[in-house]
Amino acid sequence: MIKTGIVGGTGYTGVELLRLLAVHPQASVEVITSRGEAGRSVADLFPNLRGHYDLRFTEPDVKALCQCDVVFFATPHGVAQSMMKELYDAGVRVIDLSADFRIKNIATWEQWYGQSHACPELVESAVYGLPEVNREQIKTAQLIACPGCYPTSIQLGFLPLLEQNLVDSENLIANAASGISGAGRQGKVDLLLAEASDSFKAYGVAGHRHLPEIEQGLRAIQSEACAPAKLTFVPHLLPTIRGIHSTLYAKLKVEGGDLQKLYEQRFQGEAFVDVLPLGTFPQTRTVKSTNVCRMSIIEPQANGTVVVMSVIDNLTKGASGQGIQNMNIMFDQEETLGLSAPALLP
Amino acid sequence: MIKTGIVGGTGYTGVELLRLLAVHPQASVEVITSRGEAGRSVADLFPNLRGHYDLRFTEPDVKALCQCDVVFFATPHGVAQSMMKELYDAGVRVIDLSADFRIKNIATWEQWYGQSHACPELVESAVYGLPEVNREQIKTAQLIACPGCYPTSIQLGFLPLLEQNLVDSENLIANAASGISGAGRQGKVDLLLAEASDSFKAYGVAGHRHLPEIEQGLRAIQSEACAPAKLTFVPHLLPTIRGIHSTLYAKLKVEGGDLQKLYEQRFQGEAFVDVLPLGTFPQTRTVKSTNVCRMSIIEPQANGTVVVMSVIDNLTKGASGQGIQNMNIMFDQEETLGLSAPALLP
Amino acid sequence: MIKTGIVGGTGYTGVELLRLLAVHPQASVEVITSRGEAGRSVADLFPNLRGHYDLRFTEPDVKALCQCDVVFFATPHGVAQSMMKELYDAGVRVIDLSADFRIKNIATWEQWYGQSHACPELVESAVYGLPEVNREQIKTAQLIACPGCYPTSIQLGFLPLLEQNLVDSENLIANAASGISGAGRQGKVDLLLAEASDSFKAYGVAGHRHLPEIEQGLRAIQSEACAPAKLTFVPHLLPTIRGIHSTLYAKLKVEGGDLQKLYEQRFQGEAFVDVLPLGTFPQTRTVKSTNVCRMSIIEPQANGTVVVMSVIDNLTKGASGQGIQNMNIMFDQEETLGLSAPALLP
Amino acid sequence: MIKTGIVGGTGYTGVELLRLLAVHPQASVEVITSRGEAGRSVADLFPNLRGHYDLRFTEPDVKALCQCDVVFFATPHGVAQSMMKELYDAGVRVIDLSADFRIKNIATWEQWYGQSHACPELVESAVYGLPEVNREQIKTAQLIACPGCYPTSIQLGFLPLLEQNLVDSENLIANAASGISGAGRQGKVDLLLAEASDSFKAYGVAGHRHLPEIEQGLRAIQSEACAPAKLTFVPHLLPTIRGIHSTLYAKLKVEGGDLQKLYEQRFQGEAFVDVLPLGTFPQTRTVKSTNVCRMSIIEPQANGTVVVMSVIDNLTKGASGQGIQNMNIMFDQEETLGLSAPALLP
């Protein structure tokens, strides 16, 4: 059994980890920390877990965490970097669901997140936990920087096009929409049912923190010869609980070519990427609660612009599920272990 | 492995059976029938099942169904009774999720369902598949009449009060609300998102088909000496996909008595009934996708009227999940097998 | 033109007043106060009002309010009572949408609201602003205590039955459900779209603050000879933005009697109460944004229990719309002025 | 008073016309036709209109319609063209909300709508009813082809950029999302609350019927010298009742230029176009039930791609409200008459 610890388990990525680990046959949750809820029963805060856990939140304690085989950070940015050195030096493996170790350029990170980085020395050693790109490095990594939700959906969607250098990489567009759980479990007026339901809006258009992460990821995919990817990224807020739908646009550099086949071949063998048959399009509900990224590709009206639609569950493949996928890879388990239940429908 | 067949798999109880059986370690789906969709791939109709089934709908064929260990009917009323005799005589075990064999009094059934019963001779032998009441008979039953969704929620909620004869049984009230999937997967204007979302209404107030089933069930629970249960039942339509919330009212015959303890003791050991701590109330989302019935009991203002709140997922404990619970019992499996994943939250 | 002022205009009853007054042909908004948003443009906080108001929030200032013909309080309880004496003595007419002056028994108010009443001397002179009951007193009142949302829906629903002494008044049941805007515009986790949508729950079952208000109102309706009304009141939270649906239950004391006719006759001439034809039931969406209370009455299965369904928009007939209805009456305007637009559908 | 008739009043644009005309001070509804509902009371089918209309649906009858000053077609495509000649020759003015007379090129219309055009001779004389572009022609038009919902939102959004020839017109992108009422009041499984809520998807990506209408409209805006507009148009289905949000992308041909000012100046004086302050973005709920198109413009990261967000209510500015705006212009009324109530919020 893989002994896991969770730092900051009171948010949505925390409870999603707990939900998934509750039925994972090779992992147990030994420690879960929360400053605010220390002493409270996990099942009291999250009644869906009644009968599944006999566990209480505790104050963060590095010593206790060091007893674990792997520690997940399900915290806002800034927390993981403040505790990482000690855990790292103790040899604990860490899967950080926050943004702390995703961006290689420290200055870029500091600019977008508005604070100094507390542990720049470990950024380089962090492996970006997108298994479809970095599976080999993940196997042996000690520190995983788990990708953000938008970045997962968008990078996977552009992947075959950029790897093959088929599009004008300097004018990429990602029009994405996220369910409201992406904003976290916090009492903000904008996130109220009375404010956000039966409505739709764009936000963060001037610059969303996921933009530098996505561009870094896209550039890592490209061959050396290509012009570095530049992206216009417009996120929107969906009146749904979960789900990200990214609609990607790029100008094809050459005509012809069987894009459907390209996508099917690239993701053949990937358990968590599902390319839909030509002419059908993904719905976010078909991946809700699952670790699957489902996608379609089409060149409408043969007009030279390719459109990719890519959907994930922002809390699963976009966060905690991908974290567990990384854990499975790191601990030499079947990659799909504990992640194979189909989505609820309806 | 238990070989299962499903008749009428294109509705919501059908796809729910498929979802649950996809991860059941001791059951396989061998046959799934649909007149309308014969030849079509299951995963094509229900894209959440892509990668989980390599199965196509076929025309209903009793011979093929007779190769199964157990056959589920996920059909509108009237279908199971038309095929039952042949299956029964062939020795196949059947779990009927429809209303065909639930009501013992044939005349009552025919009055409420507006048609002649095509197989009255097997009604008596059918076991009402509410495990918390009839577990022993279920073990050896050949034909299970699986309870309706409202009836499950309401009977479990009233159970301890009626068994102990604590309330005025002739003036029971069940104010219940169901998610819209209870109305089935059919293109009716009333069920459109544009009509039913952001709204709430009662329906079927003059008389809902579940009323005679509930009253029959409540009377079966009562001791002989009691006045037969009579119920005022008002169902409402929730703007949610799943979930039933029943709010039950009854006049206490005697004061005092620890109702909380009564409920906890009655359901102790029941894996799928969860009595909440005093003063907390159930939410439908905490049972969504699960086979759990979660409930609370309170006597507000100590005014002599007891209030029970009882929630289930109408498609799981209210239909397909309970069907599989019955199957587990019939085939001597752990009762919770394949039914233990926690609900999604958020 | 009636010059109006609004105290506490940043909540949902505040913006609803602004929406309705924007198209009221005989009223203008002169002052709107908010400590937290002083200086901010109304249309900046509420973008639906862009182009309708050239008005900014100001610090509360009794002198400025005294220039108005009528002042609305759209504040949490406790605020109106702290400013009332000064306004009252200045002769300003006040319509208080909060609970401060609804309950005649000061001790009862203090018990349920958990604080001392700051202005008990004016409670007696306050007129309970339910026009269908107190129209005459409203005409000349200086201080209106506008009814709560649940109380409006429930009192109107029980009105004819209690006036005529037709039911067992000591065992009334009100099973009510409210859209989430009833909880106000405040950043609480429970009210998030991610928490409250696609779910349903009861709350405040042990005792909701509207209970004493409703019982007081019901008793005021009853003839002297009757046993004082006692109510079991169970509120629920709907995953909708607006709307209250109350399902009322009472035991009939005598059989027979044409309840449909009784309701139609009682509310004949009431512009804002609409009794539906027998056998049809109200939906909350058909009153959304309107001041209408729509209701149905039925005795299901002729079993001696009468069921009334009564729907309102909690922010309109349940608060701000009723406030304006009161204003129209007080200032000798057509009662429906500014309140006659039909509901949006779909 | 303007006497109006409505053909096909049982759909969502029909009930929206009825809602708006119920409070229009200078218009009355004299006739409303429906084959399927002839004889039925309007308020029986649409209970939000109880108390507002004493009108019944009648069989379509050109003679009765000829008594009206103006006839609205709120029908699926194909109906208006079959009745138009007779009405036109009788001198009746017509506002067609359907697609029948929008596209000037008959072959294009026939290709996209899959049928022969029954009245090609009147297509040329039809005025495209987008007042912000064609106000002068609308004044004297006999036949108005009212724009589609997506086309209204998208054309208004691109208008200043194309008029000024500021962008690469051959590579325009419109990523749009519509509330489900855009699909009409029809009982299709895909539109059920159980299927469409809590989800999001693209549809019609290969080619949506609004594409040729939008391209025709965009080209009409452009100066002669420009390369004809070519659009990649991807519509999506929102889990909301109403609302269209279009996110438009275009490559700027020149740097610099104050786009915010350009938009503000272009739409200055337009009562129904509201350009938001720089840095704020529109929400569909702020235009729900109104005739307003609210928009923002931004060039994120100064990267050469301009993004316009444009929201409307698909049934109001996207259909019936725009129809009434046209009527007001045609009959020399204040353009905003009957269209000035603010949106509901929350």
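As written, the chains take the letters A, B, C and D, and residue 1 is the first residue of each chain.
We adopt the following convention: a contact is a pair of C-beta atoms (placed from the backbone, for glycine too) under 8 Å apart; a residue touches a chain by one contact, two chains touch by 3 or more.
Here the structure is a predicted model, which is why all the values come from computation and not from measurement.
In summary, the chains found to touch both chain A and chain B are C, D.
Placing every chain at the mean of its C-alpha atoms, the farthest one from chain A is found to be C.
With centres defined as mean CA coordinates, chain D is found 46 Å away from chain B. Chain geometry summary: the mean Cα position of chain A and that of chain D are 39 Å apart. Looking at chain A, one finds that residues 12, 181, 185, 192, 194-195, 197-198, 239, 241-242, 282-283, 285, 288, 346 touch two or more other chains. The part of chain C that touches chain B in the complex is made up of residues 171, 173, 175, 177, 192, 194-195, 197-203, 205-207, 211, 230, 232-234, 236, 238-243, 245, 247, 249, 251, 279, 281-285, 288, 296, 298, 300-301, 303-305, 307, 309, 311, 346. Touching chain A in their complex are the following residues of chain C: 12, 179-181, 185-189, 191-198, 239, 241.
By the touch rule above, chain D contacts chain C in their complex via residues 12, 15, 19, 22-23, 46-52, 181, 185, 197-198, 241-242, 274, 276, 280, 282-283, 285-290, 292, 294, 340-346.
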